Amino acid sequence: MSVSTSSFPLNAWYAAAYDVEVRRNLLARTVCNQKLVLYRRGDGQVAALEDACWHRLMPLSLGRLEGDELVCGYHGLVYNSQGRCTHMPSQETLNPSACVRAYPVVEKHRFVWVWPGDPALADPASVPDMHWNDDPAWAGDGKMIRVACDYRLVVDNLMDLTHETFVHGSSIGNRAVAEAPFVATHGDRSATVTRWMENIDAPPFWAAQIRHARGYEGKVDRWQIIRFEGPCTVNIDVGVAEAGSGAVPRDGQPGDRSRGVNGYVLNTITPETETTCLYFWAFARNYCIGEQRLTHELREGVAGIFREDELVLEAQQRAIDERPGREFHNLNIDAGAMWARRLIEGMIAKERPAAARIPIRPEPTVRI
Amino acid sequence: MSVSTSSFPLNAWYAAAYDVEVRRNLLARTVCNQKLVLYRRGDGQVAALEDACWHRLMPLSLGRLEGDELVCGYHGLVYNSQGRCTHMPSQETLNPSACVRAYPVVEKHRFVWVWPGDPALADPASVPDMHWNDDPAWAGDGKMIRVACDYRLVVDNLMDLTHETFVHGSSIGNRAVAEAPFVATHGDRSATVTRWMENIDAPPFWAAQIRHARGYEGKVDRWQIIRFEGPCTVNIDVGVAEAGSGAVPRDGQPGDRSRGVNGYVLNTITPETETTCLYFWAFARNYCIGEQRLTHELREGVAGIFREDELVLEAQQRAIDERPGREFHNLNIDAGAMWARRLIEGMIAKERPAAARIPIRPEPTVRI
Amino acid sequence: MSVSTSSFPLNAWYAAAYDVEVRRNLLARTVCNQKLVLYRRGDGQVAALEDACWHRLMPLSLGRLEGDELVCGYHGLVYNSQGRCTHMPSQETLNPSACVRAYPVVEKHRFVWVWPGDPALADPASVPDMHWNDDPAWAGDGKMIRVACDYRLVVDNLMDLTHETFVHGSSIGNRAVAEAPFVATHGDRSATVTRWMENIDAPPFWAAQIRHARGYEGKVDRWQIIRFEGPCTVNIDVGVAEAGSGAVPRDGQPGDRSRGVNGYVLNTITPETETTCLYFWAFARNYCIGEQRLTHELREGVAGIFREDELVLEAQQRAIDERPGREFHNLNIDAGAMWARRLIEGMIAKERPAAARIPIRPEPTVRI
């Protein structure tokens, strides 16, 4: 059933849409090279079917919804939300093989997740935790952008935030990020990069946040705790607190962030193809959560920052395309990205026929 | 001489242009992957030459006509309408091999037909009969559109009109078409699908025609007699008559259509490449033939219907391109299209070297 | 080090930019399939580096200049003008292999020349002579255009000026060019085509020049002395003089051009890829050299003529692409182009491993 690829696993949950995007009409999306049509049934459940009629391959997303069934826009074949054909024009007997693939779907934390691999393995409990996106103690919103690059370049980008200094100098970047030490750790399916910058000048974005929320204008302690969960989710715990107010964890004890402002940058990046992806993100905060204007302002502000990344990521993909076989080199700052890449490699390797499996290599060079 | 392809025969007449398109200037057209330049000579005959100068491959269509000769726009080589070079710059002696290919041409029934295969086999008598297009007892007009799909998808489309119900619901489609029984027959080079719908409500288009021509507003008997002639011509005898007025043939006797309105949808679809085609069509009628306004209105109305098909056909081609090797499945309604495909296959098979020929298979699955 | 190609040698100087194009910012250019970034250092020297960061391939041309060093716009790696990395974010020790390729550069005769092949062979003395472009006894100016064709098609075009009659009939072409005899000679790395047209009507362009500069309106002796220097420079000595005033060389003696007007069409065509090129040209004259308005007018006039060539060259390239494996045929007028092609072939052959070298064939058919 599964398409063999080398850059993404199929047995994983991928965000296919924001919850609000799926309504009582037909939405076409591509996930892991598979064309899907999504719609919401009358009972509110989301259906995800293969976007090609069994008969003549016409995209079903160009047809129409009739109750909970899909009518093909060419010859009128009808499919139910399990993908079974329930009506054919001019004939009484339906071919029992007439169906299109239905995908496992879970709606959770404001995203619609689909499973492009073996349905028997699709466990709803393994959807990545992005609860800040609909937790009433947090406020925020996000967007989806289509980026013309390998989704792993976005993961690389998020796992190393020193790029903020050079790409986002006018908002969240300053010299402190590029020069601060960090710690990288990892588990079976996750990798974490933790960076504390103590007693620094806040960059413009955070200076404005802490001034607005706490009326504070001095030096800050800043944190970035980046957590990757394979194959493509990266949640980043970010914020600043009054310098020396106890936010920094000491001796194994968590810090006290009560004199600070805290946000989560939530990212999940779904490969459409080997070289394009759907980048879903949100920014949630735990301060001034009733201020709708701030939610709006932050969403648009973060969108502007991500547009800067988009330019870089697409230029990088073009550079890769122009140099087939050229390898990346790694710096110390790439420790987190390298772990993320290895975990992805491991997930892909598990899907290969046993004979074709090779052990995950510990070399510092990342093949792309 | 012939280019080997798998989707169209070369030994066939193909419409390259409407008569009015070929004038005293140079028209570039692609037929069966071959680039042609067409022009009308002083005596009114049409010449069709290979569109590439013998010398440096410059498209001759970018040159100019001088009398009945073509002058290349780069170095001024001159060719006569048989494709022979008659002048070279700065030299007296002409290389005797200096010529470009000339194609057999016939102008008939308002189309300019060319023969891309072996000229020795080009019999003008085998041009498809589309006489309604210039018969004084019929009135009408048509257009040419370029569609980004395999020409055989257009043939499929025309051989099964149940799609009218779903694609053209606001004009010629209604439930009756999708549900009516039909009869499919075939000969050596043609296939026919006949559908009669008795005592039905006319769809909007036909209701307007019979009201205008006959002042009639009740139930009708409607017919669609689709005749395919290989490789790519489909003429459709269509119309409605007062229900029960005798239009339906009985006991081997033709019906009496005098209380009805009759039209012919004339279609010939020329492959440009494996995935693009030139779709020539006309609509001719035998009622109110002096009404120029009606001719104009019908041409634009039918053009609107064909634009609906164009969207479907191009979406279908993209779906095919995305799924190499995927096969079509067939329904009962595809009987006519399947015969058309087999007849095309047979024409192509005859052009293969004897050793490479395989018998026409009777399987119900159409490989694309 | 060198990319193996079949259509251009790598061990050669290629114009990458006009002098004025390279300033204190970053200019991206492609030469022989290699992406370069060019900039002018504080001391006025031009640096040319590989346009891809060692770390993650980000195009350095999207970064910024800091003094004489380049800062990558993604993670802030810094390179000096020799391509060595001098700074990495968050780490003290630099990987000694961290560098990007630096190209030999010479600025001469108003062009910035780069050497994409083996730097050990890059002898500044072998830059083609285009001194008319900055000689105070001559006045003129030029432009660069990007043409979507194999650079050798431009060389072919310049080596045979009979095309002026057909492509440039309204300016520099007339029947005389296509019919006049010519002499083609060649050396180890150059080929020359000489054409004299005695006692003819000047074409519109030259009639205007000699009237303006000399007040002369009668018959002229016209010359075109085309000199190719491998792999891609073509300088053309052109002009007209009063008919019979002694401009034509006789008995091995140079002619007296004092009753004439003389220009040089300077051309050097740099392959970007196999099918695109950067076409640098200038027109320099030795009359009315103080007239800035004339310089402006001639530059725009010649630009218009070259736009006519551009249309022809791109149409020719498309025709070639559509007919893989199709060969060109040659006429007598192609003697100069054939020699140029052979000299290019010889330069390419010298770069092949000895075992792969084949002798330059004397056949009259040019394979493309």
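Which chain is which? They are A, B and C, in the order written, and residues in each are numbered from 1.
Quick note on the criterion: a contact is a pair of C-beta atoms (placed from the backbone, for glycine too) under 8 Å apart; a residue touches a chain by one contact, two chains touch by 3 or more.
Computed from a predicted structure; not experimentally measured.
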Exercise for the section: For copies subunit A and subunit C, work out whether under half or over half of the interface numbers are shared, and give different or same accordingly. Expected result: different
Exercise for the section: Could you work out how far subunit B has to rotate to sit on subunit C, using CA atoms and steps of 5 degrees? Expected result: 120
Exercise for the section: Calculate how many whole Å lie between the centre of subunit A and the centre of subunit C, each centre taken as the average of the chain's C-alpha atoms. Expected result: 49
Exercise for the section: Please list all residues of subunit B that touch 2 or more other chains. Expected result: none
Practice task
Could you pull out which subunit B residues touch subunit A in their complex?
Solution key: 156, 160, 162-163, 165-167, 178-182, 311-312, 315-316, 318-320, 322-323, 326, 328-333
Exercise for the section: Quick one: which bits of subunit A touch subunit B in the complex? Just the residue numbers, please. Expected result: 35, 52, 54-59, 62-63, 71-76, 88-91, 95, 97-98
